[in-house]
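What follows is a group of structures, each given as structure tokens.
There are two complexes below, and they share subunit A, which is joined by subunit B in the first and by subunit C in the second.
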Partner chain A sequence: MHRSFIARHPSVLVFLALLALFTLAVTVLSEGFGVGVISTSFVKTLGKTLCLCLVAVAMDLIWGYAGILSLGHFAFFGLGGYMIGMWLMFERTRHIVEGALADAALPPTPEEIEAAIGNQVFGVVGSSDLPLIWSFADSLAIQLALVVLVPGLLALVFGWLAFRARVTGVYLSILTQAMTLGLALYLFQNASGLRGNNGLSGLQNLPGVTAPQSEVSLWFFWASALALALGYLLSAWLVSGKFGSVIRGIRDNEARVRFLGYSVEHYKLAIFTLTACIAGIAGALYYPQAGIINPAEIAPIASIYLAVWVAIGGRGRLYGAVIGTAFVSLLSSWFTGGQAPDLTVAGYRVAWVDWWLVLLGLSFVAVTLYAPRGIAGGLERLAGRRKDTAS
Partner chain B sequence: MSTLLEVSGVTVSFDGFRAINNLSFQIGEAELRAVIGPNGAGKTTFMDIVTGKTRPDSGHVLYGERSASLIGMSEAKIAQAGIGRKFQKPTVFEDQTVQANLLMALRKPRGPLAVLLYRPSPADLARVAELADEIGLGDQLERPSGELSHGQKQWLEIGMLLAQDPRLLLVDEPAAGMTPAEREKTTAILVEAARTRAVVVVEHDMEFVRRLNCKVTVLHEGAVLAEGSLDHVTRNQDVIDVYLGR
Partner chain C sequence: MKTLLMAMLCALLTTPFALAQTRNVQDILQTQRALIEESSRRTIGPAIDALADSGLPAIPRVLETWQAKEMWQRAADGLFFAGEETADGLYRLIDFDTGAPVGTYPRSELTQLKPNSGIRALIATALVRFQLTDPDPAKRSAALDSLGRDPEAGLLEPLRASVAAETDPALRARKERMERLMTIAHGASPAERIAAIESLSGDLGVDFRATLNPILATRRTVIGATDPPPANVAATLSPGGEELGVTAAYDLLVAEGRAPALVTKEARDAALTAHIRDGEVGGLPVAALSSETARDTAYDALVVAGLAEPRVGPQDVAEALAGHRFLDVYADPDPDVTAAAAAALGASQTRVAVGQAVDLGLDALSLASIYFLAAIGLAITFGVMGVINMAHGEFIMMGAYTGFVVQQFVTNHTASILLAVPLAFAVTFAAGVALERLVIRWLYHRPLETLLATFGVSIALQQLAKNIFGTQARPLTAPGWLDGAWVINDVVAISYIRIAIFALALLFLGLFLFIMNRTRLGLETRAVTQNPRMAASMGINPDRVNMLTFGLGSGIAGIAGVVIGLFAKVTSEMGGDYIVQSFMTVVVGGVGNIWGTLAGATMIGGFQKGVEWLNPSNTLAAQTYMIVFIIIFIQFRPRGIIALKGRAAGD
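Let's look at the complex of A and B:
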């Protein structure tokens, strides 16, 4: 990632500059540090969108470049969210509990504090003990490490089993769907130790921080923008050299790459695990902005949406993944948020909350059939045509 | 001349059909060999076995001076051991440039980490340029290989094989779909390559085989029917009956 790399890939620089400009504009227009044109909740929406763009870049790496249609990457995204959520919830509860017990005649013992936290956090699932997996929930450093390690390890084990058995194509997609479904079902159980279908909540409150949400939202927005910038840079660097050549080769003709002497399985495993780690980081930034995470977030459909965003944006192009995700997810929250005016077609009222999915599905089919290179492909054709007419 | 590859008593069945039937075959170091035979004789399957794509039901495949068994080794390991293969249908990476194709094939460490950190050295680029010249693509380095003509793709694939610098080269129907001039050039490339390594060429075109001017093995129904000079095998009555006479 040297100057020479940026010089050879000016589009990366353009992307980073646009992202910086966007971040600055949102900050200046925000309630927290700016003139207050953009509401705090919209800042959060934009910040979440940046996180979705980051996981979409990961999806583009694994699908658009390496040709592995994983329909399970939202599992890794969710796991990242859970890992940071544990710390947020634990520490905030500890602050509350300590505040409440401070007035008692005797200072509370660490055991009493722990018991009170357990009661607070797990009361909803009829328990009061902190499960074993919460052992490190008081350590931000460890939970941050787990944001990367837990998705990474799951991807490593899953990928090792699947790729070694040479599961490819649609079978692999189905297997990844099964993985995310299995994980979601497991987390739905109260005994999973992550509060079952209640999930983790109150994540927007940073423990020990008194700054208003209007400011906290911007911190997360900046962090999301930075993560997207770094993730984009890393991905662009990864696909620019021979590694990119090899994974695109695997996408186009796996057998040929093998006969060139490359262990295809190792490459698949490497890119699968790496993208899972990126997804974990994106999730860890997303859920504090959403405020809540529950197992429904990693339902199989979530990972399918991810593939749809990347397809619409144009796979095999990193900025395509970003454009597609930003465009579709923002449009989606507009349509499903009730802001879109309902249409009346031939006496029938089209409520967008219901019909948006139909529209999305049709656009996906249309893109697949008529514009397989998505929005990015269309933009490139436009740019190419302009160049043609100019010269 | 010492033996580089020894296939002995190999049998492969697909759903009960014996594609390779007790095949034995040897090739020496730096030998050029043509393999001919009717459609379905098992020529491609033979290459599949040597390169690890198909696992034989029985028999031995031994390679190198230490006579290591290739059976059970992964395709990648076999390729790393120095066996290169060109497919019947030209397979180059069409959305990548000629240079990227050749760089990918160039003999260098193949692990993900080594590849991630790899940056082509001036020597590597020079070698790629030299190879491109050899296969007549010297001025096409920056071109996406998908834009090349059919014959140029075949050459690029041969160039990729040479870039791998293998000890044994298996070439499946290299001249298919080529013009006479292209065929002649292909012959020259293969003969040149065989000066320093073993080359096995599968081909249907007798003129092409004649120009290779080497020992010929005739396969039929998964076994060797005849072996020797081209004139010798073409006079063989069995060969005339099953192959040439038709």
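Let's look at the complex of A and C:
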């Protein structure tokens, strides 16, 4: 089955090969294990971009294939980051606290260690107790499970409520946006138990690992590449089969699929929850590379950018989502990072840091109006024309 | 016997002297000279009292002069005078008793008395009794203010004496109220105090509640099981209950010296640390002390060895608590007075609660009008036309910035706001028409893509505003006549600007209804929305109608922006704060129906204020709960509060 699937979809193989080649190239050029052409911070940027590509693939599944424009997938992404961040922060603080208490006259009791960790982590929001949701923060296995379970459960409950009430189209988009706004506002409170607007920080340090950041960054880069490869493979397999046909049918004519006897709500719920889980995994890989997560990350605008990336890349094509995300997010960080040379137009100095978003917004309008299939659509048209001329 | 004789002798000796003293101010001042020169808040009391009680007509002026730091002491003989600086830098001294000048002196021969703020406050209190009958109403009013801050018992009689002669009705009412309040606090008999309390029962004033609270203040005390209870017990507490935890109760016992102190963890650990010998303490190796139980065991071993105080176990605590009674005792010893005060305070609090509910309702109403204002433009573009315009929030922002720019040129706030409203409408109308012509008309049948394209516009506009106006918040100043609030009583008050917003929301509602139901444009808009091809065959130009309707909705958003800018800061991101709320308002209310939008705004505003009332410190939580509430609400009414039926409902 697997072989025939790959055989039927050579583009997947091409994508995986390119991804492997890219990973190898970055590794060889990196500071950690290679010749040192690519700086550690750029390795992290590339690793983060791979994570964004993964969540974009999820976005493409839910929007491009199932036609549900979710404007809340960064909520799931952020939740994944928070779940792994809790373990990273707790364990790292535990190492620090144990080191500090080692000099005390009496060996520390578990209660003392916990109190000291609580103080260290929550002193910034004026508290010293570890909230209940941190009960499992000392267990990597449980927190890793939560990376998938928490976003999945939220998506399941939210999706069940929304799809059951037959909320569709733009209404659903606005509702998902309200969800991510509500979650962000909730997390902004100090009482949320996740350090309010301070968020979780110091996530780039792996507890108990002494390897330099140049190596750690590569580990995360590989993990991100692997996750993207697996996510892409899963998504491609999913959309190639019967399930894919049904969700595409829902996108094109929901009522007809319902009349054919399919339980539209269940399909929507399944794809919504699955993509939320993928987003959670992507977030859990992204934030240790970013080093910090705070509620501003899941503000509605983040999910909108996700839609922008997928739209520019070309929705309804998995590789389109990847291309769009990689292209736009790398370009974004190039422009807003101040590396782009300023332009002087008619005596006015155009600083890209200021004007990049204007350009992005307008080009997004242009893509929507004139190139609804995005970059991938353009590529396919080029390829198609060549095929036509060849035959 | 000897003491009695001595006392009589003293009285005999001092009486004629005291009589002589009352004859003039200087004598009193000289008697109190040491205290006045010391000039300390703690010791000055008798000196001020001696002056105030002397009954001399010049006293108010003496006290005022002293308070104003215009009292001088002549260095040569230590006499006190009122002093004023003359043109040539010398000081003319005036005798307090005669009012006659006694000559001019250079500063070097004088000492200025500089009472500190604490002493000046004491002087002010002493002055109150004189000022209560002062011919100047302003001074009488100031005296009442001072009395309100510090209602001293001794001033009750002068206050009562001054009521009858009061000619100003407002001041008379204040004096009568103050007399009641001071009678409650300092009345001679319980009956008098109870009568005063009952006469004001249910009053909403903060001063009334502030007078009652000290009467009802309780002190927590502990007595032995068989001791007689003190007077006027408010409540008997059982330790471990809600009011008094076991730990707190035991701490009270310890504080009163009725029980041995608990050995805290810190004390235990300190004792263990102090007795470490050769890596061992209490028979256990130090390395083993990494749990509470191990530490307790080691400590108990220290206790057995006589090296530490024994621990107080739970058994001991329970026994100690059982042997005592815990009481809350009223500060006021008379049970009748406290009962009357509690009843009166209860009545007041009931009325305060009602007032607060009214206040909350007004708050909710004004929040609802803000949401309604922000959403009404959307009710046209989204509700009637079905166009998702995510740049709607940015139109609000554009309107607010238009107001800001107008205020840069027109400094009169009233004129600038009146000018800004039509201008904001014009600017956002033009922007709306441009957006409709350039983007939206190509996407009428692809709502999701309209959403995305207008998002792009929204991002670009936001950044553009940031580039032009910077990131800091710009103020939009309301005209002076909108400052202040309409105060109904001490609890219920509503600011004029909120009233103005409410009135404006009503105005817009009327405007919307008029345009949609009574004008040609409204008719055509409804026709085009229901069936564009049919409308076109009736001679209506759908393109033109769509353009104008969209422009109208955008223009109203611009006006809403000016209004919102008056109470919220104008920033490039302000649109984002309203866009989700606005869509929620329209969706919850029911798309395509202005009454639904009104109902949605009222519901969301009311719900949000309600949550804030339950948890006042946390507006963020209120918004979160509101969104959760909306998601659940949509389960039960997916088409909003007022759902369109039949052909108008569309798809």
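Everything that follows uses one rule, which is that the second predicted complex is superposed on the first by the 390 of 391 C-alpha atoms of A that agree within 3 Å, B and C clash if a C-alpha of one lies under 4 Å from a C-alpha of the other, contacts with A are read in each partner's own complex, and residues count from 1 in each chain.
What we mean here is this: a residue touches a chain if its C-beta (ideal position, glycine included) is under 8 Å from a C-beta of that chain, and two chains touch if they have at least 3 such contacts.
Because the structure is predicted, anything quoted here is derived from the model rather than measured.
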Would you sort A:Phe22 into first (subunit B), second (subunit C), both or neither based on which partner it touches?
-> neither
What is the contact status of A:Asn253 with respect to subunit B (first) and subunit C (second): first, second, both, or neither?
-> first
Which of subunit B and subunit C A:Tyr262 touches, first, second, both or neither = first
Could you look at A:Phe5 and tell me whether it touches subunit B, subunit C, both or neither (first, second, both, neither)?
-> neither
Which of subunit B and subunit C A:Trp219 touches, first, second, both or neither | neither
Identify the partner contact of A:Phe327: answer first if only subunit B is touched, second if only subunit C is, both if each is, neither if none is.
-> neither
Comparing subunit C with subunit B, which touches more residues belonging to subunit A?
-> C
Kindly classify A:Trp355 by the partners it touches after superposition: subunit B alone (first), subunit C alone (second), both, or neither?
-> second
Touching A:Phe243 in the superposition: subunit B (first), subunit C (second), both, neither?
-> first
Shared contact residues on subunit A - subunit B and subunit C = none
Footprint of subunit B on subunit A - complex, ascending | 238, 241-243, 245-246, 248-249, 252-253, 255-256, 258-264, 266-267, 270
Where on subunit C is subunit A touching in the complex?
-> 269, 272-273, 276, 286-292, 295, 388, 439, 442-443, 447-449, 451-453, 455-464, 466-467, 576, 580, 583-584, 587, 618, 620-621, 623-624, 626-628, 630-632, 634-635, 638
Once bound in the complex, which stretches of subunit B touch subunit A?
-> 51, 53, 74-76, 79-80, 84-85, 87, 91, 93-96, 100, 103-105, 110-112, 115-116, 118-120, 160, 164
Once bound in the complex, which stretches of subunit A touch subunit C?
-> 67, 69, 105-111, 158, 161-162, 164-167, 169-171, 173-175, 177-179, 181-183, 185-186, 188-189, 191, 300-301, 304, 307-308, 311, 354-365, 368-369, 372
